[in-house]
Structure formats: C-alpha cells, structure tokens
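My questions all concern the structure below.
As written, the chains take the letters A, B, C and D, and residue 1 is the first residue of each chain.
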C-alpha cells in the first residue's frame, strides 16, 4: 500500500469568535493518493474550504487546528511553521481559488505574477522567468500568450483569469493541486472549458487534485472518488457512480435528491417536501384569453452604446410561467428590471394587462396602478432585504405603500397571512435579515413580493445564491404559490434544469437577443439552436439514483 | 504609446473640466470679499491726518467707486491678462508677492508632508500587521495626539522648548538665519538651491529653520495618513490575492511590500494629495507662529486688512494648486493602477 | 552658529549692494554683530515712500532713518529716558533757519556739504521739488501739511543757491513743525524725475520700492512684509551727534509677540518696541534685558461715545458711564499699570495746566452713576454694543470685559464686539459705532492740535462725532494765536469743557516699552512711535 | 450614540460593542471621556466654583492654588470655572456645526448619489468649488464677512464641512444605489424621495457617524484657530479656543497655567472624539462582525 499523498485524520479546526470558540471542522478524515482526483462536496458551512486552507497552512489568525493531523507525503505538517510550509506552498502543493479575478493582484501584470510563482521557488533570471511564464500561459491555452503576459487581470475574462491562476498553481510542478470551487461564478460553457483544462493538466502531469465544490454534477464528472462533508465531518466517501447511484448516508441521499438533473421534477427534489410527488398538470387556458404581458421590440442601451437588450419580444398569458435563460451578459436581468419597470427602456413597448406601462417613467411608476400588479423577487435574498428592516417591516412595506394600510391589526393580519403562506414561522417576523438563514430570507423576499397579490411575479434567479437543498424547498414553495394564487411567473435563471421544471415555456437569450423560444420540455429534449444545445451539453451531471 | 495618449487626453479633459470650478472659486471669493464689512480705502487711508477726500481718492484708485458687477468684469479681465492686482499691505503687485512667497509655502508643505509620510507609512503598516495589538493602540494614540493639538499651540510649544529653553533650534524667524547669506535665486526652494550650489553650510542652516515648522505641520496630518495607511493595508491584507501570493510560497516580505503595500498605497496617494492641498491653505497659523514668509500668512494679513487683491489672488492660487495636485494624483494613480487608466 | 561665519557672511552681504544704490568709492569695513542692530516687530514695512496711502508706522520709522527732512525735533531727558521735544526744532538737511518777526516767512539754509546717496549735492531745487510734491501729489502728505497752513507750491520759493523760503498767509504755529514729520521727506529730484511719467509726475510708484534720499541709512534689502536691512551712510552729515553708531540695521517682521520676547531675551534680537505688557513685566523680572518704559505723551487711549446718537447724546448718560467705570482695575488688567493714567485728575472747572493730554477728573462712583442715569430717565438701564478692534485685543479685551461687568451693575447691558481692524476702522470712519474704545496719537502734540484734530469737524478722527461750537471756535482761534497767555487760557477752557461734557473718556497713555539688549542705550521715544536708529548706541 | 443605529436588536448590539471595547481599551477610554465631557457640559453651572465672567483684578494671574485649582487669568477670573462653562459652548459649537453640515450634506449627497444625472453634476461642480477653496481661509472670510458671532462661527464651520459630507454621502449611496433592497423598495411602491430618506439615509448613517465623530474634534480645533486670529466667539464668553489663544500670549512670561489647562481640555476633547470615531469604525466594520 502506498503512502497517501495527503492524509487528513480526525481534523478539528476551531475559530475564535466573540461568542467563543466555534468548530468549523469536527474530526474530518480523508486520504488522497498520488495522481488521484478527490472531490470534496457539501453545502455552505460544511467545512470544505476550511479543510483546504488548513492543509495549505493558510487559515487566518482566528483559526487553529485543535485536534487531528495533516500529513503530506508522510510528513506531518499539521502545525508546521511558515518556515516549513512556505517552501512547500506552490512547489509541493498549490491552490486554485474561486473568484479568480479577485485572487489575482489587480495592479501587477499576469506575466509578472506567474513569474513570481516561478521565482518563489527557483533561482531564475527575470528573463528566464518570463520565458517560462510565457510557456505556462501557452500550456493553459491562453491565446496570444505573448501579449497577455503584459495584461492586467481586469483586462481578462473570468475564465481567462482562472487559467492564469492555474498556470501559477502548476508553475513549479507541485504534486497536489487543491481547487476550491474553481468554477463558481463562471458560465457553464466556460466552466466546462476550465474544468477540462484542469483535469487534462493534472492527468498529463500525474498531479493529484482535491476538487472542492458544491456542484455534485461537477464532482461526478471529474473525480475518481467523492467525499461528502456535512457540518465539519466527512459523512460518506465513494466513487461517484456508487455514491450518486446508491447513496448510503441519509444526508447524501437528501443532497443527491435535491440536485436538479435532467430527469428530476420539482416534487422529486425534496421527497418529503410540501408538494405531492404527482406530475404537474396544467389546464390549458381558454382560447381568446387576453394576454397578461406583451413585450415588443424591447431595447435597452447603456451609456457607451452597448445594447444589453436588443429588440426582444415575447408574450405571456395570465397564470403562465415563462423562463428566461442565458449566460451572464445575455440581458436576462435587464429584461426583468425593464418588465418590473425599475428602469426605463431605450426603445420598444411593454404592455401589461392591456395598458402600455412603458410610457410611465420608472421614477413615477411607484404611483402607477400597475405597481402592485407587477412584483419581483431578487437574486440574493440577503442583499435584497433592507438591513434595517425587520422581516415584518419588509413584508409590510409594500402593503403600506401600495395598499395604503396603516399600522394596525389589518396590516398585522395581512403580514402574518403572507408569512404563513410562504412558510415563514411567525416568531421570525421580528428578526432582522442578518439573523435569518438563507432560506428564511428567501421566504421573506417572496412574501414581500406576493403580499400585494400581484398578477405577474418576476423571479430574478431567486435560488442562485442558495444551497441545493434550500433551493429545492424554495422551488417547491414557488410552485405551490403559483398553483394556489394563479400567478404568472417570469422566471430568470442560468440553470436550464430549474427552468425546465418550473416553466411552461422558455426563451434562450444570448447577447441581448432571443436565440430560441418554445416549450420547455421540447427545447430541453431537442434544442433547435446550436447555442442552446451547447448550453445543455455543458451542464455537468450525474446519473441520478434509480428511484 | 497608447497609454501616454490616454493619459494626455485625461489631463486635457481634467484641466478643461476644472475651469468652471476655478471660475466659481474666483467669483465666489470676489463676492465674499465685497461682503466684508471693512472698507479697504478707509483702512489704508487711516494716516494720522487722512480725511474724507483721501478716502474717496483711494477708493477711486482701487476701483471701488464702480458698481460690483463692473468691478467683477474688470477683475476677470485682469486675471485673464495675468494681473492679480496690487496688495495694499505690501505695496507690491500680488503676482510678485506670490512668486516670492509661494516657494516658501511649498517648501514647508512638501517637507511636512514628506516628514508625515515618512512616519505615517511605517506606523500604519506596523499597526495593520498586528491589528488590535498593543502596537496598534499605541500607534493610533500617538497619531491622534498629534492631530488634537491646535497647530498654533504645538508650534508655540515647540518654539518654547527647542528654541527658548533648550536652544537647539535656531530663532524661529523665517527661512534662513537672518545673518546668513541668501542662496542665489534658482527655484526659491532653499534646500534645493543650497544643494545645487553645493553650500552645505547653508543647506544645514535652512534645514534647521525648516524642521520645527515642518514638524508642527506634520504632527497635524500624521493621524489621517497613518489611519488611511492602516485601513487600506488591512483591507489589502485581507483580500484574496494576498492569499494567492502566500499560496504560491512568496517570501513574507515580498508579500507585504510588493503585493500588499503597493496596492495599499493607492488610497494613501489620494489622501496625501488632499492633505497637501489642505495643508498649503491651512498652514496660516504655522506660518504666523514661525514668521514664515509664505502665502497663507500673507493672505491672512490681507484678509484682516480687507485688502481684496491678495486674498483673491491667494484663493485663486490655492484653487489652481488644488486642481493641479489632484491632477497629479490622478496621473500617478493612473500609472500605478492599470484599472483606472483603462477607463 | 559660530560668529566668524556670520561675520564673513555679513561682509559678503554688505559688499553685495543691491542694484540702483551705488556704493561710494572705497570698500566699507564689514559691520560686526556689535555694530549690527536687529529689531523685531509685529508689523511690516510696506512702502519706502511714507506718503503713500496705506503706509504703516514701520514705514514711517524706516523713512525717518533713510530720508532727511529740512528740520528735526530735539530731544530731552524725562525720568532718565530720552523723549522727543517738539518745542525744540533743529536743522537737519537745513543748516539753519529763521522765522520772520510776523511769522509769515521761514527761511531755510541748506547744509553746504549735504550729498544725496548717489553723491550728488543737495540743491534748493531738490527741496522745492520735494515740498511741491508734498502738497501737490495725491498722498498723505497734503492733508498733513494743511495743518501747518502749507497748501500750495507757490508757498515754497528758491531764494538763492541753497536757500529756500516758506511763505505763509497766517502765522501758523505748526508750519515749521510740519517740516519735521515723516511725510516731509527730501527727495533727490534729479533721480526721482528720471522715473516720473506723465501719469505719475511725482514718481510715486517708483519711490514706493526705491529711495532717492540723503539720510543716515541706505536701504540694503527691502522685502515687503518680511524684512528691511539698512546700512549706514558714511557720508551723512545731518545728525546732531555725527554718524550713527550702528553700521547695519535689520528690521524683521515676527508676527508672534511671544516669539519676539523670546528672541530679545535670548539675545538673538536687540530690540523690540511692540511686546505685550504681560511679557514685558516678566522680562523685567528676569532681568536679562533692559526695558525703557516711556509714556506715549502724544497719545491717548479712550472710550468714545457717539454724541449724536441716543442715548449717548445725553450728557447725563455719558457722565453716568464715566462714573461707573473701575478705572484702576481697567488700567491694571489691560496694561498691567504700564502707562500714565489720564483718569483720576483732581481739577474741577478748568485745570491749572494747559497741557494736553493730562489726567481728567474721572473716578468711579457707582452711586453717582446710578443717580445720573436716573436723571437721564434711564434708571432701568439700556443695552448697547461695545466695540474694539482685533488688533488691540490684548489690551481692549480685558478692558471690555470690565466695562461690561461694571455697566451691568448700573443696569446697562453691554454686548462686546471684537472686529477685524479693517471693519472697525471703517465703522469708526462712518460713525457707525456708538460706544467703543480706540486710541489716538498726534504727531504734533500741541493742545490746540489735539482739539482741532480729535474734537471738531465731521471727520474720521472726531471719535465722538462731537460738535461743540465753543470748542470749534476756541481751537480755531488758538491755532493762530501768538500770545502764549491767551493761547493757554483757550486751551484750559477747552480741557474744562471736555471734562464736563465727556464726549469720550480719556483713559491713559500706554507706555512705549522698548525692550532691548542690556548694552543698548540712548533709546529715544519719538512722536511717530518708531525707533530712531540714529540715536541708538551699544555700550 | 450611533452605535444603537447599527443594528436595532439591542442586546446583540450591546454585546458586539462590549466585545469591541474589550479588545480596544482606547475606544472604551474615549467613550468614557466623551461621556465625562457631556456630563461636565450639562452640569457646568452647578459644579463651577466661581462665576466664569466675574472679574477680580487684584487676584489676577494667580497660579493654581487651593482656592483656584487652575489659577486665574488676566482679569482674575477662575480658569476652572471658565473651562467648565467653555465645555458647554465648545460642545455646542461642534455639535451644531457638524450636525448642520451632516443634515444638509448627507441629504444633498444622498439625493445626488441616488438620482445622478444633471443634479449630480451641478452639485458636484459646487462641491468642487468649495473643496478648491483653502478651507480655513474660507471660514475666516465668512466669519469676517458675517461678523464673529456664535451662530456665524457655526455656519462657517458647517459650510467648510459641507462638501465632505456631500461627497461622502454621495459615494456611500451610489454604492448602494443598485442594491437589491433599494430596487425592492421601489418595487414596493416607494417614491425616490422615500427611498433616499427612509431606506438609504438610515443605512449610511452608521458610516457617517464615524465621520461625524472625527469632525466634532476638527470643528473644535477650527473654532480655536479662528479665536487665535481674533475671529472667534466674543469675549468674555468662556470658550476654550479663546482661552488657549489668550493663554498663548502668556507663554513667554511663564504663566503656564493660562494656556496649559485650556489647551489640555481642548486636546482631551479632540482626542476623545477622534478615538471614538476610530472605535465606531471598528464597531461598524462589517468585516469585524462575525
């Protein structure tokens, strides 16, 4: 039996906070053999990143290893000082971080940064370092590497920055690469390219990789083995096929179920959730029903002449749910704000319920009768709640403004009704956003939007910032609300699977233009446009457990 | 080349866009001076036997008999032709006075800023490396101590201690020892002029005259600079790319100096620019206390005498310097931070 | 700093004469530190031509040392100190002079050996041009000369080489004295006229920054608002006692009074005449310096009422306030007693002496004050602002606080207003201040002159806007009165009226406190309240 | 004061404050000092041993003694009593000036930051003009022009602070302009005015509080500077700046207590406000709130 390259045993890491010591890792154990790719999956707070940082010796000052050990290649580095670790970092093991643009020094050219990585461990002349940096950039398939050498991070795309980061990580040929959510925040197509590159490089060079991710599909696709973490422990560890095919641990089972796959339905995401597992059947609307929303040739040009939305047209019937899908920069969020009348369009028309609402300037729309009819749920629930409003005030605000309710029993009753309908426990109404969990915040955001009984609810990536298990619950909530209240949804998302489950029809957007439009299931099964097909192909996936 | 062009365009644009601000300053000062209740003609005609006629004559001579809009137009015309008027207090053209006095103020302010930065940067970095430690608290306390003393008090105390009691400093009466010979006028910056002419003795003399007032001013700006250094260093040290730098095994000093400090200096540069402009205008009291023949004390005397021209000239000068310093900071910032230059 | 270096540098500077002032043949020996006088002052010289509107007192002082006048006042010793004596007039650029018996013609004979700084001889033409300039050019000199009945160029006549006649319509008692004031400078007309232009026939703008003089000192460097250095004119003949002692004078502006005190005490400066009273007392006690304290006999500090405005138009109100003030405390708090009181006089009716200013019968009597106020119908008091200028804050601020406190006791509510000098002077000139403190100094301290200047006519210096027909009549008569007894009688009557009507309250004459190095001597108090470097010596 | 605004649930906030203070003795000291100053200002008339403006010329310039702890001044007034009453005045000047510039500046700045466009450009120009002024000279000129009365000193100090508040509020609001909760507020039917007043302003308040605290100290120094050149509050009102300026005249004559005690009081107050500002920053720094 070979010595594991990285062995983590019973690791406990605690952070000193003002509420005393808080354990982030509570006895995590796993091992990684040379050349192996191990996936570390789990939801936020499970301790994935802390594990990586602890292994690198990069925990910040408040964090401390209180128990257990970390061995690298048989050598105990658990409490090694900077003198031992510094020569190892980059040379023996290196790390790739999420948010690649922030991880690079903004005022240093990428060439110099790659050269820094080289010269940290090798005695190279500036010229030689530069040449090697150039070679590295070429190896990570950066086009025109010679020119990019002098470029600064802000001049490169996110994917490009991550390639530079990879170049830095492999510069001194380490035996282990720790990739901490390396593609979070990147578009699916970019994600695929970066991951393919990373996987290829590690394979070619015989490097081991610890891939930390929240995306089960990603782990399934690129890892030899996957370890599932929950609350600071590794609860299950197995090859991906076994793990996702027949999860042993209850938590793994729940996690796998909540993960949207091509075959999952809203109900199947959370089997013990609030929706019965029966397929959703929708009665077709009688012919001749007037349209709820009609968008004609909508154009939004930002200063600088870039058209974020370029002649987009679509219609929605009452009670219908329409998905807007696209990668970043496709204009989907801009459309959501245009429809919600938060910003003014440069051209085109928005007709709501038979009335043109695009004539009313956004600044005056708060007083328009349609204001209460069109409501919106934002992407990041935490960021979309006024930090100085309690949950009650957040939900009550539209009731006060749009329904003219004064403080009193009527208002309290309406707020409480709303809270009940979104499943928010009433005692939480007095809490402030930072005292609520992500799922609770999402519920408050939804409650605020539905409190005034809108006809159209615009959902701008309402689950993008949530863990999958929470996402599952929120999606079920949304589906239930739609059935109960007969709301029309304009659902904006980058996640095709989610859109497929929730929406009747979908529109695929690219660079502000409509690429494809049609029935969700149909598009998913048989995309007409190449771009749509590419998008669908890029979604990392695993074979769901045979239920 | 492209970069240089971009910078050139930015300079042009900035200068152009600052014209309205400067014009605003000029007009506002002009009106403010006209609101001053003192009548300069009365003040300056106050010889032991001046009568009403003399006051009237003086008023005419100063153009004060015209209505204010006419005066303003004339004043603007004068400025356009480079004529800032004549000071009644010194009897000289304002432009001449300023030319003589500006180097004194600039030299003092530069030295003070240099001194302050030389102290504030290490202190700020030290505090940022150990936030919350005793070092941090001591640094903060010392810097704050400097800012909480009015400059005229710290100036007088320094004089009392180092000149009167200890006799270490030369008499606080201007830029060089009154009995020493002045250097040839090259730039008006004495330290520079002495250095260029190789007069070390003179350099030492000028330096020893400069040190107390420069310290007084530096004390006052130490706190904001150190505070900003600490804050921006802390922010940078906590950012992702520092972690990256550490993860590739860079030496700690390299991480701090090349990665952290260079990034942290950017906001400090902005603050230093602001501090410089404010210091130049605000060292009125220091100049007074140290008999420093600078522009600020010149303006103060003129203001108290309702002598319009020097005050107007001074404010115009300060506004111009403010714009230029901001521009310089901008250019430096653009050079140091590629993100800005690209915009 | 070592002395040798200073000396050698000094030698260098002495040699490097500025352009425009030619050195006479033969290099001068360098002035040693002992022969150099350094005076520090809070104010600044702003022009080399003292007749320019806006000239500071320091500019007058410099011009006295740089320019000669035809005549000069003598000096006498009072209590061990030298004080100018306006009753003794001696020749300066004039060798001698005679006044005709009817007092209508003054004949002046110029010194034969008198030379301008450029070496050319002084001529009667130069003098005529200088006097013409004084009465013709728009300057401060003209108004001053009218007080000596000198108003037009025709009054000055060349009566032969080196002889000039001044002709008068009436025998004005101050005509000759006016030729000794700072404005009466004698200018090298040949040099000055080279710089005259059509718009500026009297070379006023050139003379602001240059000199064309014959006096005891030449300008070495002139940096307005910063410093002036003078070097001795080795060919000067105008002095009563030969060449001045000091070869080199440095007059430097040091705004901070405490710093000036430090400089003099540490011996880095030799002389300062504008220190604060509090510092002077301390310096005297520590004894490292010499202090010459001389009452400024031609000046007075006062509290003025606007006699044209209610309630101060009521003499009872003025008398009430006069009786309410704590003069001794004010004197002590404001001046630390450094001066000569002008309150506490004992005469009633008319004084025995015709001198002015002299102590007036002012003393605190609160009961009487209350009674007078009641008589004026203001038993319940009233409110008024009390103003002073920021420049005089050191003495006026404590004074004002005491006035406020004392008047509060008789029901008068006082609001103190400290204002910037320019604003204060404007308001005084425009007669918009009703109750304030200020000071006045007369160059030519004849009693009638005080009354004529400060208590008659609608003009800036009539502090109280006082309009008393009898005073106007008496002061005009006294001016041309040749009979000493009649003159004295008129003066005594005016002083009596002043004491009774109290348009303003004469408070005191502050000391001229010259603080100097212990080895300086022969400091003279001059009517223009500046240092006459020609008299000073180092022991 | 503003700590309570950072996060309304009281016990959590108090706990956080206590935690910050434990790690930061200077801030605790500054808080105690500020509280002391405010207490002294409120209680001045009752605890001052003498009338602050009653003169006693025979007892002038007495060094500190049992009867006059801090000595007497040129008019024999008790320096301790004058200091205590001065606390009142100086805190009033500082608070009024800073409050005024904050109220006006934050309002204008917030609107500009939120609305942008032409209004923003014009106000930006105006603040440029103000910023380009040498500020102390501007304050001097204003006081000289309007007359050196208490309210004018407050106005002048407020105006020279104004551009900083405008800019500060503008930047802080501009950062938050596109935050989800601002858009949500608009979707909830709030007018732009309401969004600024009831959503944005309260949210930037804690950050501005830091600035306010630092500015309080600066305002006191500014008033002292004005007093030094004779443009301060009218005598015989007891004000620290005047007392320091007057006392400074006596440095050379060795009457140290005239400048020492007022100077120390001034320094103490400014020190407290500055350290408090730093401390508030720590309390509010989101990165320190775990």
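The rule is simple: a residue touches a chain if its C-beta (ideal position, glycine included) is under 8 Å from a C-beta of that chain, and two chains touch if they have at least 3 such contacts.
As the structure is a computational prediction, the values presented were derived from the model and not from experiment.
Enquirer: What chains touch chain B and also chain C?
Expert: Shared contacts of chain B and chain C: D.
Enquirer: Could you grab the centroid distance between chain C and chain D? Build each centroid from C-alpha atoms only and quote it in angstrom.
Expert: 46
Enquirer: So what's the Cα centroid distance for chain A and chain B, whole Å?
Expert: Centres of chain A and chain B (C-alpha means) sit 50 Å apart.
Enquirer: Taking each chain's centre as its mean C-alpha position, how far apart are chain A and chain C in Å?
Expert: Using C-alpha averages as centres, the distance is 87 Å.
Enquirer: Just give me the whole-number Å value for how far the CA centre of chain B lies from that of chain D.
Expert: The separation of the two C-alpha centroids amounts to 24 Å.
Enquirer: Considering chain D alone, which of its residues make contact with at least two other chains?
Expert: 144, 147, 229-230, 248, 251-252
Enquirer: Where in chain C do residues touch at least two different other chains?
Expert: 258-259, 262, 265, 390-391, 419-420, 423
Enquirer: Which of line, ring, star, complete and other names the graph you get from chains that touch?
Expert: Drawn as a graph, the chains match no named shape, so other.
Enquirer: What are all the chain pairs that meet the touch criterion?
Expert: A-B, A-D, B-C, B-D, C-D
Enquirer: Show me the residue ranges of chain A that touch chain D in the complex, using the header's touch definition.
Expert: Going through chain A, the ones touching chain D are 17-18, 337, 340, 342, 362-363, 365-367, 371-372, 374-376, 378-380, 383-390, 394, 397-398, 401-402, 432, 434-435, 445, 448-449.
Enquirer: Which positions of chain B touch chain D when the two form their complex?
Expert: Touch list, chain B to chain D: 18, 20-22, 24-25, 28-29, 32-33, 35-38, 132, 137, 140-141, 144-145, 147-153, 156-157, 160, 164, 223, 227, 238, 278, 280-282, 284-285, 288, 296, 299-300, 303-304, 311, 314-315, 318-319, 322-323.
Enquirer: In the complex of these two chains, what residues of chain B are touching chain A?
Expert: Chain B residues touching chain A: 239-241, 243-252, 254, 258-259, 262-263, 266, 336-339, 342.
Enquirer: Which stretch or stretches of chain C touch chain B in the complex?
Expert: Per the touch definition, chain C meets chain B at residues 1, 5-6, 9-10, 12-13, 33, 36, 38, 40, 44, 46-47, 52-55, 138, 140, 143-144, 147, 208-209, 223-227, 250, 252-256, 258-259, 262-263, 265-266, 268-269, 390-391, 419-427, 429-430, 441-443, 453, 459-461.
Enquirer: Which bits of chain D are touching chain A when the two form their complex?
Expert: Checking each residue of chain D against chain A gives 7-9, 12, 15-16, 19, 179-181, 183-192, 194, 199, 202-203, 290.
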